[in-house]
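All chains are identified by letter, namely A, B, C, D, E and F, in their written order; residue positions are counted from 1 within each chain.
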């Protein structure tokens, strides 16, 4: 079984480091998912930063937005595919499968989103996210206009930028510390 | 279900085009796999070329070689991952899962082979295959030497080059004609 | 004066949207800097997300860390230089000039950090941050080892990854919404 | 004379390895060309694979197709130019010169096909082949449509993909084993 | 102060090497600028070549042309920004600031010219210069047509090509020999 | 014959524009080569600039240097190969063939210089020139040291940089104006 048996290549933080107010959050993960996602255990190396990271993540991916939760996960996966981030492809690929109840959609987002027969609106959203990932300095007025024409509001455009941006951040942390996903993700929602 | 419901974006060839001598081969596919792989149905558009394509494929991937069948499939997947070929990632990702009996290995090859804890020999083989794919003009004596030092014979080096090269060929045909994998692959050997 | 006269290309949020608890923060900006950084006014389009963004930023760039505040700003600028992010180059270039009291250091970080005669430790830190930005999938054990050999702890490595990752996030939001820096930054600490 | 004096950097196969049924083929090469192309001598290292390689090559480049033999050779050379494959540029550059009776056409295909004043149909064909070589995941419906609009049938599109794909295969084998062309090609059809 | 304290990484030429007829030119630099630009001191290593280099530079950047001196300096800076040339960004960034009397314009040209609100004609000119720098083989008839449509004459197109080309030359000499700009440029026209 | 029948895509300058003092130079070209190289006829569009261009070219390629004339032409061709400049590959490829009396050397420089069995010194020189062309910001002290270790003096390093830089200039002018080589070059020194 060649997946490395570690959370990250750095020292593993002990859960005794977990700030007291976050204990219920970890418990909720165990109750709902059956495990604490390794990204949280990785962040535990810098325990004072974990709280804000969780808050940012939850607002961004689960909070109110003109983008559905599935759409935000689709952005997460296409960005992570461009960056070839193993952790996020495994964990968020599972989320796409689960939220869409369509395992093939997860595969398409992870391998090459362009093959999917998506509503034009979603295709435009993903094209924008990938361009912003691959060549951010090439994004121009015409790209924002394309989103408007598909009905995205200015707030939606902001959210697309932020979700795409955020996974460019976590992809890099994951690559930088060699973060491994919980093995449970692999079989989720197949 | 957003995976396009076609074999390719080109006219679909009728199985009546299948040359008589290949009928048993298609039957063998149905018996063993339960279906005829779409790549063969795609090639049926040019039926006179199908025979040689099958022969080449079988010699390359199943014939005698210093590389195991699993190793050849691992090369297939890392090359297809670099080229982001949906067809080959789905079909050959399934083959890696099946031959290795390790679904995670399939995911690692498809997403980012560098995270896997592989024997040094296999890692060297895949590094060579990816370099030959991404920047063929950069492959030099030192790269071949690295393979020799891991025990690969000259015949093995040739086979690595040929398998890597072959998937650079089929990846491009698949991209060029928008070839879709049989949906059965998705659930195979999970 | 060709710098666009807008905060972003999206609808400009009214400061009346500012959540009450953040009013003192904006006031503190005005007192200390003389203005509210445009990045905060941009985020005001999604006012409920502003609080966490501020908290993340402050912990990351101003909180306790084995990296000095100047080192974190140097990472910010070299990442933004790779991504050619006008907003961050102007705003964080100013921060490097101010914290280092060395205007030329700001120019070197913004134009090409490799010309600078830096302590080897800082050069290694910036090389890692740029590699993680430009080709995150190429970062490997050897890159982390190089940081260790220059005395960076595992927590420091995490912080380097996080700061570099974070600016890959904000650079993309800035590009995506065409965010313009406050003109005051241009003359700061020259 | 700096062209390496070898067929490949690997062990050179003895012609005694040549399967009996292929002896007439080698003889035909000697009769028609005056020499056996080195690519065949390279493949002799894996003699059981040589037969199918020859068959594939002949069907692809010489068999019935909506593309002329010259057009197939033009694709061969522009693909090999993108991949900077010395063997194929020398051998197939000579083929373009010979089939077209226009040495300058050979030079243009090898150096930069875009300078040539070609029929729009051929220019579209080469643009497609180069895009499929350089960025296969970017090829989309619009690219296939452009071919249709220039009168290419679906079978022709398949053949363009296959020829372009095939040279992405042989270019990589040639780079991988450092295959050198027969010196006779250099002066052919100048 | 981390800017290296040398003209170049090569042996520094003594001003006694200066050909007699160029002594007045160096004096004029000192009178007008207060210093001799380091690029001239770098070229003094090959004193017989300095005369022609000066002549070429003066004709190109100061001689009669349909492009204003400022426009030529803007091309210089966007090309140098693409190539990340520290010397030219510092020296010619200062020239843009001075000629335009607009420090922000200098920053925009150096960091990312696409954010600037320029007359369409100038934007087209810079787009052409950057494309010619980044992917010269992609420049085509349509790109020249875009310039014509903005009123550039054939002579102007030639001058745009020449100025862009010239800085691709000097950027590479500067990178190749690690040329450092005179520190006086940093504060010029801020 | 698909090579465009023009000097450049711009207005063709009349030879009556030739400054009087350059008439003998054009005559010398006709006497020695049998024709005036098209690059000079292209520059005639800006006749006042032709004189300095000729002077620069002659000093650089024919003047005293630690690099032989052939070595300078080899640099010209490998740079032009990287940039895929048809004009320079045809014209300077011919020069390499002529100066070396080895047509194959010309082909290797134009197609892929890495296949050539060159003295280590020349290989190092060409590696440096190509790196300076392809990724100038990556050239570092170690690259200059490699040249020193092969016996190149500081003046030689300067000349390598200048010749490589110069062809990055002329390649871009040639691409920018679609400059075509004189057809006589094709058959020269085959």
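Everything below uses one rule, namely that a contact is a pair of C-beta atoms (placed from the backbone, for glycine too) under 8 Å apart; a residue touches a chain by one contact, two chains touch by 3 or more.
None of these values were measured; they are calculated from a predicted model.
The chains that touch chain D as well as chain F are B, E. Summarising the inter-chain layout, the chain whose CA centre lies farthest from the centre of chain B is E.
At the interface between chain A and chain B, two copies of one sequence, more than half of the residue numbers in use are shared by both copies.
As a whole-number value, the distance joining the C-alpha centres of chain C and chain D reads 50 Å.
For the pair chain D and chain E, the distance between C-alpha centroids works out to 43 Å.
Here the spacing of chain E and chain F, counted between their Cα centres, is 22 Å.
Along chain F, residues 84-85, 112, 137, 178 each make contact with two or more other chains.
Taken as a graph of touching chains, this assembly fits none of the simple shapes: it is neither a line, a ring, a star nor a complete graph.
If you check each pair of chains against the touch rule, the ones that pass are A-B, A-C, A-D, A-E, B-C, B-D, B-F, C-E, C-F, D-E, D-F, E-F. By the touch criterion stated above, chain C contacts chain A in their complex at residues 9-11, 45-46, 48-49, 52-53, 55-56, 59-60, 63-64, 83-85, 128, 132-133, 136-137, 139, 141, 144, 154-155, 157-162, 164-166, 168-173, 175-178.
Per the touch definition, chain C reaches chain B in the complex via residues 137, 140. Those residues of chain B lying in contact with chain A across their complex are 1-4, 81, 84-86, 89-90, 102-105, 107-108, 110-112, 115-118, 178, 180, 183, 186-187, 190. Those residues of chain A that touch chain D in the complex are listed here as 112, 114.
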